[in-house]
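Take a look at these structures.
Look for chain A in each of the two complexes below; its partner is chain B in the first and chain C in the second.
The block that comes next holds the complex of A and B.
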């Protein structure tokens, strides 16, 4: 008896749609976390740069903690700590909060590096042209510094996008969790993981190539 | 608002076990880094000097390691290979996944390091009568190591943090052990809080040791 072995046993085209939806949820949670985190990260970076003593004594060590503890531990801790405070957060909200703080901790360093990259002489020149501190920051430091560290920021953002896979631990059905669900049902781990990997790759690779090309072009400019 | 009683006693009782698991974390991360550095050197040299299928394989490795989540890579070594009847132990899964990931990231660092060494140095070394291997080992690689020292240190920290994913493939390193204890006592917050502290200490020890080593290695 020779039965034809079907490579796609149990895996249906509709499952592909399920994975695509999950990929959308990965994009959603990481997009939200990256936006919020970047906003606060830039503010933190500016605070760190301005180097008032209280910022380097309070903010820096706190941000350092978020960079020195595994994200998965942070997620589990926060998810179990929120109810203690009386907050009732679903996995999505918890994931956004922790990913955003994590992003902010990473972006803070990038942002500070960006402001440092502009250099004192140019800042002074801007001020001597009669710009106020905020004008100098808005029209000189941010555009020039932002350009210098944009590739680094893309790296952080892509990292957070990939790390959002960890939110599956809390039960949020993003791409990786969805593939696990499908694996349990179809018993086709290799096929489904390959598809999930292809999704991640398709999300991340073009952006990382784009950033690398920008970096090269700006380095020669 | 704060009607929760913290119970730290069970955590303190299990603290020696947790610290031991922390050593296992350090062990698997170090091993993955050593293997990762060796493979990354190979990948970087292949990408710089070779054409054809070998270059293609190295490029694929690097791009997949960098553009997919580490957890996905672990699952791939864990469940994906199971489809071919290859069942790795949890330790092997974590080691393989971390090595794959670290090698990919380090390869790009090394490639940048090699590119930073002017080609004229290689030619100068060759014209002094060194073989290509000698020139690489004595002239190029020592300088590259200095350039990539800081990124390698960072990668070591990442390796320790990433090894926490072992918890999800049933590996009893620091995180896995913590989850085991936490699910036994339901003191999830307390256990994971202590584990976070242990990770923090491990990371600080690595960074401190690396700084100490750097001040000895790069004195001149």
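The block that comes next holds the complex of A and C.
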């Protein structure tokens, strides 16, 4: 009548659904972190470009720390020390916070490079038409600079999405964590990791294809 | 009218303009000639407030450009400027390039701004390029686009900073032709230029700059015929 009890059981179709849900969580956490991180990254990049003395003295070193310390260390430190500061964040929220800061640190330099790429003559041409500093920034510098560094930003975004796998160390069941769970149960690492890899690819590929299409449209050849 | 009095400009220790006095009347076309580094381009930047000055003053229609609290964004709408590098906005179509400033600076609605752009582009002979991106235009066409973009703000003055210097020789003519057309329409123009033919034929007066000083100013017949300053004569002998 009853199935023999075993610690292991083979890969089942329903496991695919489990992985798909986990892939959705990967998409969710990275999408959120990339959006928030990009928003702040652009502001930080602008501050660095403007070169206010306090920005280069305070912001730049802080961003350097977040860029240089391995993400996994940041995640574990933040997750374990945040409660001491009275922040009780679950693994998901902790992951979003750290990934977003990490993204912002990377995007800041990309954004600064973008504004630099526009160049003083173009900015002056805009100002000579009577545009204010902010109009120049909004309608000329950011659109032109943004297009110049868009490929670099896509690289950051795809990198952060893959790096979101590290949030698994906090117990958040995203794609990598889900794969580890299934591997433990099925003892079929090759199969499971292949499927997980395929999911990561399925998440990244449309983004890079869409980015390539956008770049083509901007080329105006 | 543009009135410049005792204008002093330094870049760090470099003394670029050494006390310039100059009046430009409404409707006048003034060409500014001189060797590279003589300060003529800097003069234009000081007139529309893109560069700060260290002494003297510049007034446009009685308004002090470098006064504290001067509304430069408003003032620059009166002073169209065309640069050596045309600086087309690459992410916008030709029409959008011209319509952008009328829309966001003058606050016109999209339709009105597009109409102005169409009219100005037709004026400079680019009426068939509205939907094209600047990247597909030649240098001469991009420079005419830059002229249309400045004209779209309906300025009272036009400042040309070596508008043809970066162009291939065969493209210079079309831009000079456009500038000549503007002059004939009565636009007040200050043209920093290396085109002696243009300076002689189109301008009412020609100013010769030498090492930050305005050595000589007068009608083209004087400057090109009987220049007083040996520097002017030397310069003209070399460019011919």
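As a working rule, the second predicted complex is superposed on the first by the 198 of 221 C-alpha atoms of A that agree within 3 Å, B and C clash if a C-alpha of one lies under 4 Å from a C-alpha of the other, contacts with A are read in each partner's own complex, and residues count from 1 in each chain.
Going forward, a contact is a pair of C-beta atoms (placed from the backbone, for glycine too) under 8 Å apart; a residue touches a chain by one contact, two chains touch by 3 or more.
What you see is a predicted model; the values in this text were computed from it and never measured.
Peer 1: Of chain B and chain C, which one touches more of chain A's residues?
Peer 2: Comparing chain B with chain C, the partner touching more chain A residues is B.
Peer 1: Of the partners chain B and chain C, which touch A:80 in the superposed model: first, second, both, neither?
Peer 2: first
Peer 1: Name the contact category of A:121: first (chain B only), second (chain C only), both, or neither.
Peer 2: The answer is second: A:121 touches chain C but not chain B.
Peer 1: Name the contact category of A:27: first (chain B only), second (chain C only), both, or neither.
Peer 2: After superposing on A, A:27 lies clear of both chain B and chain C.
Peer 1: State whether A:129 touches chain B only (first), chain C only (second), both chains, or neither.
Peer 2: Only chain C; A:129 stays clear of chain B.
Peer 1: Does chain B (first) or chain C (second) touch A:142, or do both, or does neither?
Peer 2: neither
Peer 1: So in the complex, which bits of chain A are touching chain C?
Peer 2: Residues 121-122, 124-132, 135, 139-140, 143-144, 147, 218-221 of chain A touch chain C in their complex.
Peer 1: Considering only the defined contacts, which chain B positions touch chain A in the complex?
Peer 2: Going by the criterion above, the answer is residues 1-2, 4, 63-64, 66-72, 75-76, 79-84, 157, 161-162, 164-165, 167-168, 175, 188-189, 192-193, 195-196, 199-200, 203-204.
Peer 1: In their complex, what parts of chain A are in touch with chain B?
Peer 2: That would be residues 65, 68-74, 76-77, 80-81, 84-86, 158, 162-163, 165-166, 168-169, 176, 179-180, 183, 188-191, 193-194, 196-197, 200-201, 204-205, 208 of chain A.
Peer 1: Flag every residue of chain C that touches chain A in the complex, lowest number first.
Peer 2: 48, 50, 73-74, 76-77, 79-81, 83, 85, 87, 89-91, 100-101, 104-106, 133-136, 146, 149-150, 153
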